[in-house]
Amino acid sequence: MSTEAQVVEKEVEKKPSEPLFSKKNRKLLTDPLDDSNPITVQVLGICSALAITVQLQQAVIMSLSVLFVMIGGNVIVSILRNSIPDRIRIIVQLVVIAALVIIVNEVLKAFLPDISEKLSVFVGLIITNCIIMGRLEAFALGNKVGPSFLDAIGNAMGYAWILLAVAIVREVFGSGAISLPGMGQVKFFDTEWAGFFANGGFYEHNNLMILPPMALIVVGIIIWIQRSRNTKLIEEN
Amino acid sequence: MEYMSIFVKGIFVENMIFAYFLGMCSYLAVSKTVKTAVGLGFAVIFVLGITVPINYLLENYVLAEGALTWLDESYATIDLSFLSFIMFIAVIASMVQLVEMIVEKFAPALYGALGIFLPLIAVNCAILGGALFMQERQYPTIGEATVFGLGSGVGWWLAIVAIAAIREKIRYSHVPAPLRGLGITFIITGLMGMAFMSFMGIEI
Amino acid sequence: MAINKNSNGYTFFFAIAMVVVVGTTLAVTAFGLKPLQQKNQATKKMMDILGAVKVDADRSNAAALFTEYVTRRVAVNYNGEVISEKPGDAEVDPTDKNDPFNIDVKKDYKANVKKFVQQFGDNEEKLASALEEAGVVFPVFEVVKDGEKFFVCPMVGTGLWGPIWGYVSLEEDYKTIYGARFDHKAETPGLGAEIKEDFFQVKFEGKQLQLADGSDLFNVLKGGAQTNEHSVDGITGGTITSKGVDEMLNRTLPVYLNYFENANNQRAQR
């Protein structure tokens, strides 16, 4: 029995290398967007995700940072996968992630000082973002560089779209504005032509949206919508 | 008085979960029953109470700009703070390991209660968050830093025990199917966060 | 031949190699980017100082505008005596410790001032001697804009969640506030964080410091209260942050008033 299994395993390994965008690999990209979304389904990486969704520009930068750390981490660990000693596996992964996060932090401080200030400790907290650690351990350690790369992009995107969705909802309703890196905040509810209410706009800002609890409720609602469309994700109490 | 203020602030006003969402992963994953929630909560208090002061010493005597002057006056311009993330996480990971071994050896009963949770804690954002907030807020003494660590831990404990108790009861309610489990937990946490915000104006 | 990757020797070697590689990469990144980061901080400070005299600057033109408007940078001690000074067009060098521009008021506040304030509270004499002993210096920037002279005074205090800071500019009569800029690290969005919004900052413009003995120099009142020329309306729901602004104004401005008084006396003697 066991020898048979081994043979099968070897055969799998020897299979001719598949193209980078095979069906299986495409799934690596698309799955994390919905069916195995890191935030709403796997419940990973929520810690750093919510606190920075007050403004869209912070969420964009945070998503890009996670994307960078994720790709870097997955690729490096995947390259090293055959040379990392088992015993210090976890600490090696932690060091790789931490080093990448430090680079991100230094670069942000040098080139985007204003946003870096707003993100404050949450850039550092990417280190303990469970998605990254989870993907390194579960995927990169056992797969080749190509698929690991795609897996990283897929998961980072799955993380990013939730982040951006929450940020858009909170910023539009909370500050009546949208902000993008490099553009600053565009207050579209406050323009002159719309100004026939108090405080120079027809929209009274909903401060509750800016406060932390609403991030949780918005994510809750996203989960609700996602699961009513994708009913196989529904939990049994 | 300062200590009391930091402690109470850590529990209610600057609650790790409700104000900063730190440690959400284990908060959501391990809050199905009160008993395990209590265990994990105590482990977090314990680890925060140990790692925050250690990281405080590391920050103030090794990493910050001019922190090495106790070795030699000429080191005043050395700034190693870019290493702080990596050092903090290393301290946390090794402390958790060490605590696990010590507890296993000397307090088997406690190990039985906390043991399975300790390895989980190294990657709990609340612990690294505690260290990073300590660095950012620059507490003047190690005492205040420790009290901040303990207060945040107690706040985290309170949050997870409360949500676990609610989740135990909610099993008997008719929650819309797509909201069951994760969705409703998020929304309840949001509502609890709003309730906790009423502590915001308190002054001690 | 395969290396046994679980042997002690290999693990050890791997760990050391990793530490060396990671350490070098990080050190190179950090030191390579440091000048840029320092420049960013300096630019931000220039923007704040210019903002206090209502000159709008952005990151690209802050340095040029700063040399254009600022005529003199002075550092004074708690009693208002000049410790060091630089002309306005001197280049800002982050390594020059004697340049008043490089005084890190936030760092001083965290390291010394905050402790003394907690310790001595309202006892001004003790506070003064403690601050003098610790060598705390206060920078002030003289600005000439449209032929008029203004003094920009930086200050730091404590809000609800963390530090708050601001730059207040006074007119040459030493008591009329020309402009004010406040900022914060982590005040509550929508409540305390509003101190950095224009609607709060413009309230200070044209107000007067109350120089009579025994009264506060300036008051930030509880949100919605009746105000006069020596006070402004605080932020509703941001009481502790407003109190922090009040405290930092009343603690820091007297130092600068001492300096102005000294400068006046000197001028009178001449």
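As written, the chain order gives the labels A, B and C, with residue 1 at the start of each chain.
Note that a residue touches a chain if its C-beta (ideal position, glycine included) is under 8 Å from a C-beta of that chain, and two chains touch if they have at least 3 such contacts.
Quick caveat, the model's predicted, so the values are computed rather than measured.
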With respect to inter-chain C-beta contacts, which pair, B-C or A-B, contains the greater number? A-B
Looking at CA centres, what chain is most distant from chain B? C
With chain centres defined as C-alpha means, what is the inter-centre distance between chain A and chain C in Å? 36
Using mean CA coordinates as chain centres, what's the chain B-chain C distance in Å? 31
What is the distance, in whole Å, between the centres of chain A and chain B, each centre taken as the mean of its C-alpha atoms? 22
Using the touch rule from the top of the page, what residues of chain C touch 2 or more other chains? 22, 26, 29-30, 185, 188
Where does chain B touch two or more other chains at once, residue-wise? 82-83, 86, 136
Of all the residues in chain A, which ones touch at least 2 other chains? 95, 99, 102, 106, 120, 211
Which stretch or stretches of chain C touch chain B in the complex? 22, 26-27, 29-30, 110-111, 114-115, 118, 160-162, 185, 188, 237, 239-240
Give the list of chain C residues in touch with chain A in this complex. 5-6, 10-11, 14-15, 18, 22, 25-26, 29-30, 33, 36-37, 40-41, 44, 185-186, 188-191
In the complex with chain A, residue positions of chain B that touch it: 18-25, 28-29, 82-83, 85-86, 89-90, 93, 123-129, 132-133, 135-136, 171, 175-187, 189-194, 197
For chain A, which residues are in contact with chain C within the complex? 54, 82-88, 92, 95-96, 99, 102-103, 106-107, 109-111, 113, 120, 174, 205, 207, 210-211
Contact set on chain B toward chain C in their complex: 2, 14, 82-83, 86, 136-138, 140, 200-201, 203
